[in-house]
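Following are the structures in question.
Two complexes, one shared chain (chain A), two partners (chain B, chain C).
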Partner chain A sequence: MVIELRTRLTKLFPLIILLAILFLFPLFAPSYQIFLLSYALLLALTALGYNLLFGKAGLLSFGHAAYFGLGAYVPGFLTTYTSIRSLEIWLILSIAVSAIIGALIGYVCVKYTRIHFALLTLAFSMMFYSLLFKFYDITRGDDGLYVAIADILGTSFKMSKDAYIAGPLYYATVVIFLILVGVGWIIYNSPFGKTLEAIGNNSARVEFLGVPVKRYKWYAFIISSIYGGIAGCLFGILSGHVSPTALHWVFSGEIVFMCVLGGTRLFIGPIVGALLFTYIKTYTITFTIYWQLLFGSILVILVLLFPKGVLGGALTLLRRSRGEKVGLRT
Partner chain B sequence: MAYVLECIGIKKYFGDVHAVDDITLRLKTGIISTILGPNGAGKTTLINLITGWLTPDAGKIIFDGTDITHLTPHDRVKRGICRSFQLVNLFDEMTVLDNICIAILTRKKLTKSLLRPLKHYKDVETEAYDLLKKLGLEKYASELAINLPQGSRKLLDVGLALALHPKLLLLDEPTSGVATSDKTQVMDTISSLVRDAKVTALMVEHDVELAFSYSTELIIMSQGKIIAQGPPEIVRKVEEVIRLGYG
Partner chain C sequence: MLVLFSLGLNLIFSYLNVLNMAHGGFYTLGIYLSMTLATSIALKGLLPIQSILLLVIVAGGITGLLAFIVEPLLLRPVYIRGHADQLLLTYGLLLILDDLVKLGWGLELHSVPAAYYFLGTTPILGLSFPNYNFFLLLMSFTLALLLWFILYKTMFGKTCRAIAEHREMVSALGVNSAKFFTLIFAIGVVYAGWGGSLMMPLSGIFPGIGLEPLILSFIIVATGGLGSLKGAVVGAFIVGLVRSIGIGYFPEIELMIVYLIMAIILLIRPQGLFGKREIAW
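This part shows the complex of A and B:
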């Protein structure tokens, strides 16, 4: 019994260290680093939700920025047009908007596969981008909308934006991140998650087992949209401003890249990918004006060295070193 | 005599090719029937019509007393028509155990449950292990399906269909691609599982000897038509069957 408990604790030890770092981070990190980590965690959530569609069900969407962006516009609109300042209400409305729009677009898109699916999702997301860009009177177009500091659990915060980001908003972000990672882990390993994995593997066979494949892809589409919407809402508050670039296809491409970089076949792949992506991008920008060249080269090398993603590659090497057989997609 | 499946006057043309040409077929409950015929006789098209992968140009398909002609493949599976494939059709990058689990989850209507990890469904895992034991595949449980030898992959493919507890099991060339020395063993395992589960099975087979020794009824097809149907000892005496080289 004691030994069992000890092995469990040993297994959980890295997780406990990670949690401790996450919660204690604001105590020792400068405010910019706290901002950066919050941003990376939100991208990680977006990528994690997206990977349910991409890594599990095998659907390559090129329009996932739409749900992130629409989620971010919810606090933007509510700040501009209402006096509602509650984080909880903003989140609920972001969830509702991303779920409804995701359900409508997803319903059309899941009827198609491969390149047709990718292009349709891309077209829909750029449609929303254009709407937000063009309807200047309502959306302020390219200027975007200001997002106020939100009350959290009924408490208003009379403090500087930096202190708000480093304190209440950071902890709200971490808690929501942990909850959604937990829920995501359960979904990934649930019968539903396994069925999606089977669909990604061989959708025709799943149909022959009696599962309405398109409907399951639709469910995955909606769940991944909700993840994007929640992350987008918090991003809006974090940056204090939201503009149509949050819905641009370039950002959709970046979400795909984060998943590929970390490894699409592993649960934490997208999380690792998003963190790597954020930090590499941020530091190459500060390093040189040719940051895009340097950034691109680093990513190309990483992908060439680790076609299954950084984590997938590491796992394959580990398994090979133990003499185990390795599949095509780890 | 009770029929589990009745195909009445079904046709499927691909341009000028009459793949299935006005076929009427009735399958008795609880026996293994085998369709034999040369390449291009329309055997696989017939299976695809019964499973719903193709829709007939004319005719009706009645299963268990209900017209299923226009039902989707997954609706037919729900009613009890399941199949295995000529080219093995598995979830290659999932473990052998997970392959069977997916089928069991589908049958138990659990595939929608998303707030509880699969490992908490102990009954699903136990049932999957039991089936793997019957298939002789339990030693591969945690291997990826892609790493299995061909004969075992064929058995797993049949296992996926059996895990759904079908009323009618369609087996499309269950021994194709299997080494000659292993064919009998694969067929022994399949036929004993099918008989134990009291399933009606319709098999497509190229190997004449296997077809004659494992079937209760033979259906001989040529050029989209059925030219003979009956017990092996009677069918093998039909003149046209002898001419095709199956006598």
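This part shows the complex of A and C:
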């Protein structure tokens, strides 16, 4: 019993260290680093939600930025046109908007597979992009909208933006991140998640077993939209500004890239991918304008040599070096 | 121009079954190559119409050469994988090509309107149309016909279509189908390069310029039908018409209407207007 508990604890030990670092981070890090980490965590959430669709159900959406962007526009609109300044209400509305739009678009899109699915999601996301881009009177077009500092749990913060990001907003982000990762873990390991995985592997067979495949895909679509919406809402507050680029398909491509980078077959793959992506991109941009060259090369190498992503590839190498048999799955 | 771009994209999709996102990169490369050639040829004092024709052929050709490296090295290993891997690979390639252009030509905005002026304008119904536009139309039409001729009237085209139909059978007859794949990819890329070099005098030239035609072309081939050459031509006309009407009457939702049309057509006919029906899984 004691031994069992001890092995459990040693297994949990790295997790506890990570949590401690997450919570203590603002105490020793400069404000820019806190901003960057918050940003990375939000992208990780988006990628995690997206991977339910992409990694599990095998649906490649090229329009996932739409839900992130719409989630980000909710606080933008509320700041500009109302006096609501509450993070909770913003979040709830972001969830509602992304869920409703995700449900509508998803309902239509899940009827299609493969390339048609990718093209349809792309078309719908670019529709929202061009709407936000062109209706200058309402959305300020390319200039985007300003997002105010939000009250959190009824407390309003009279402090500088930097202090706000480093303090209340960071902790709100971390808490929401942890909750959503937990929820994600439950979803991934639930019968629903396993069924989605089966659909991704062979949807004809799953259909044959009597599972309503399209409805399952639809649910996955909505869940991943909600993840994008929540992350987008927090991103809007974090950056203080939203513009249509948050909905552009290039960003959708980056979300896919994060998942592939980390490895789509593992739960933490997208999270690791998003963190890697943010830090590599930020630091490459500081010393070269040719970051696309680097990213393109990484992507090509990944697809050709490590289809399981950085984590999956590392895991395979590790197992091989231990002399274990490596199957198709990691 | 969009016709040429979409034809190349659709050619690659219908024979190689790969949706080539790097097409935008090849287009950009075509524009830049023809720009460099244009500025150097203008110095030697050739007539504009000849120089334009030369530019088009050479720039497209050079872009096509690149295909002989790209296809066997990068694309061939992913044919057996899913569409997702192929999309990602060509997306990576697009990023690489765009930055190579940045490395080679810098970040500035260029513009070479020489040919545009040299050919003069024609007044029609009180408006003056640049003659270059007619030339562009004529070239697009000719090159589209050329592709049709290659595919449907030559032995090469027949072999290509046979490979698309039944690759193993054709291989068994002693045809090196891998070589044909490379050639088809090269032709598709050449059409992207031609599209770029023909548009060169009309548009500002900057890195990443290939993104807009790429996305429009996705709409075109999806509307017209993935894998159908007729569909690419019709789709290009639909998108071109809708956009020019849209800019005139309702500029706010001009782009949105294009996407909306694509979505509606895909919903009613997922295979597009002229596409062949694909089995759902």
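Heads up, the rule we're going with is that the second predicted complex is superposed on the first by the 310 of 330 C-alpha atoms of A that agree within 3 Å, B and C clash if a C-alpha of one lies under 4 Å from a C-alpha of the other, contacts with A are read in each partner's own complex, and residues count from 1 in each chain.
We adopt the following convention: a contact is a pair of C-beta atoms (placed from the backbone, for glycine too) under 8 Å apart; a residue touches a chain by one contact, two chains touch by 3 or more.
Predicted model only: the values in this text are computed from it and were never measured.
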| item | value |
| --- | --- |
| First, second, both or neither for A:L299, with chain B first and chain C second | second |
| Contacts of A:G182 with chain B and chain C, given as first, second, both or neither | neither |
| Which superposed partner A:T195 touches (first chain B, second chain C, both, neither) | first |
| First, second, both or neither for A:R114, with chain B first and chain C second | second |
| Which superposed partner A:M126 touches (first chain B, second chain C, both, neither) | second |
| Partner chain(s) touched by A:A204 [first = chain B, second = chain C, both, neither] | both |
| Touched chain A residues, chain B compared with chain C | C |
| Partner chain in contact with A:V256 - chain B first, chain C second, else both or neither | second |
| Which superposed partner A:P30 touches (first chain B, second chain C, both, neither) | neither |
| Shared contact residues on chain A - chain B and chain C | 204 |
| Residues on chain A engaged by chain B in the complex (per definition of touch) | 183, 186-187, 189-195, 197-198, 201-202, 204-213, 216, 219, 265, 325, 327-329 |
| For the chain B and chain A complex, residues of the former touching the latter | 51, 72-75, 77-78, 82-83, 85, 89-94, 98, 101-103, 105-107, 110-119, 121, 124, 143-144, 146-147, 160, 164 |
| Sites on chain A touched by chain C in the complex | 54, 58, 60, 62, 108, 111-116, 118-120, 122-124, 126-127, 130-131, 133-135, 203-204, 249-250, 253, 256-257, 260, 289-293, 295-300, 302-304, 307 |
| Chain A-touching residues of chain C, taken from the complex the two chains share | 19, 74, 77-78, 81-85, 87-89, 91-100, 102-103, 107, 211, 215, 218-219, 222, 226, 251-256, 259-260, 262-263, 266-267, 270, 278, 280-281 |
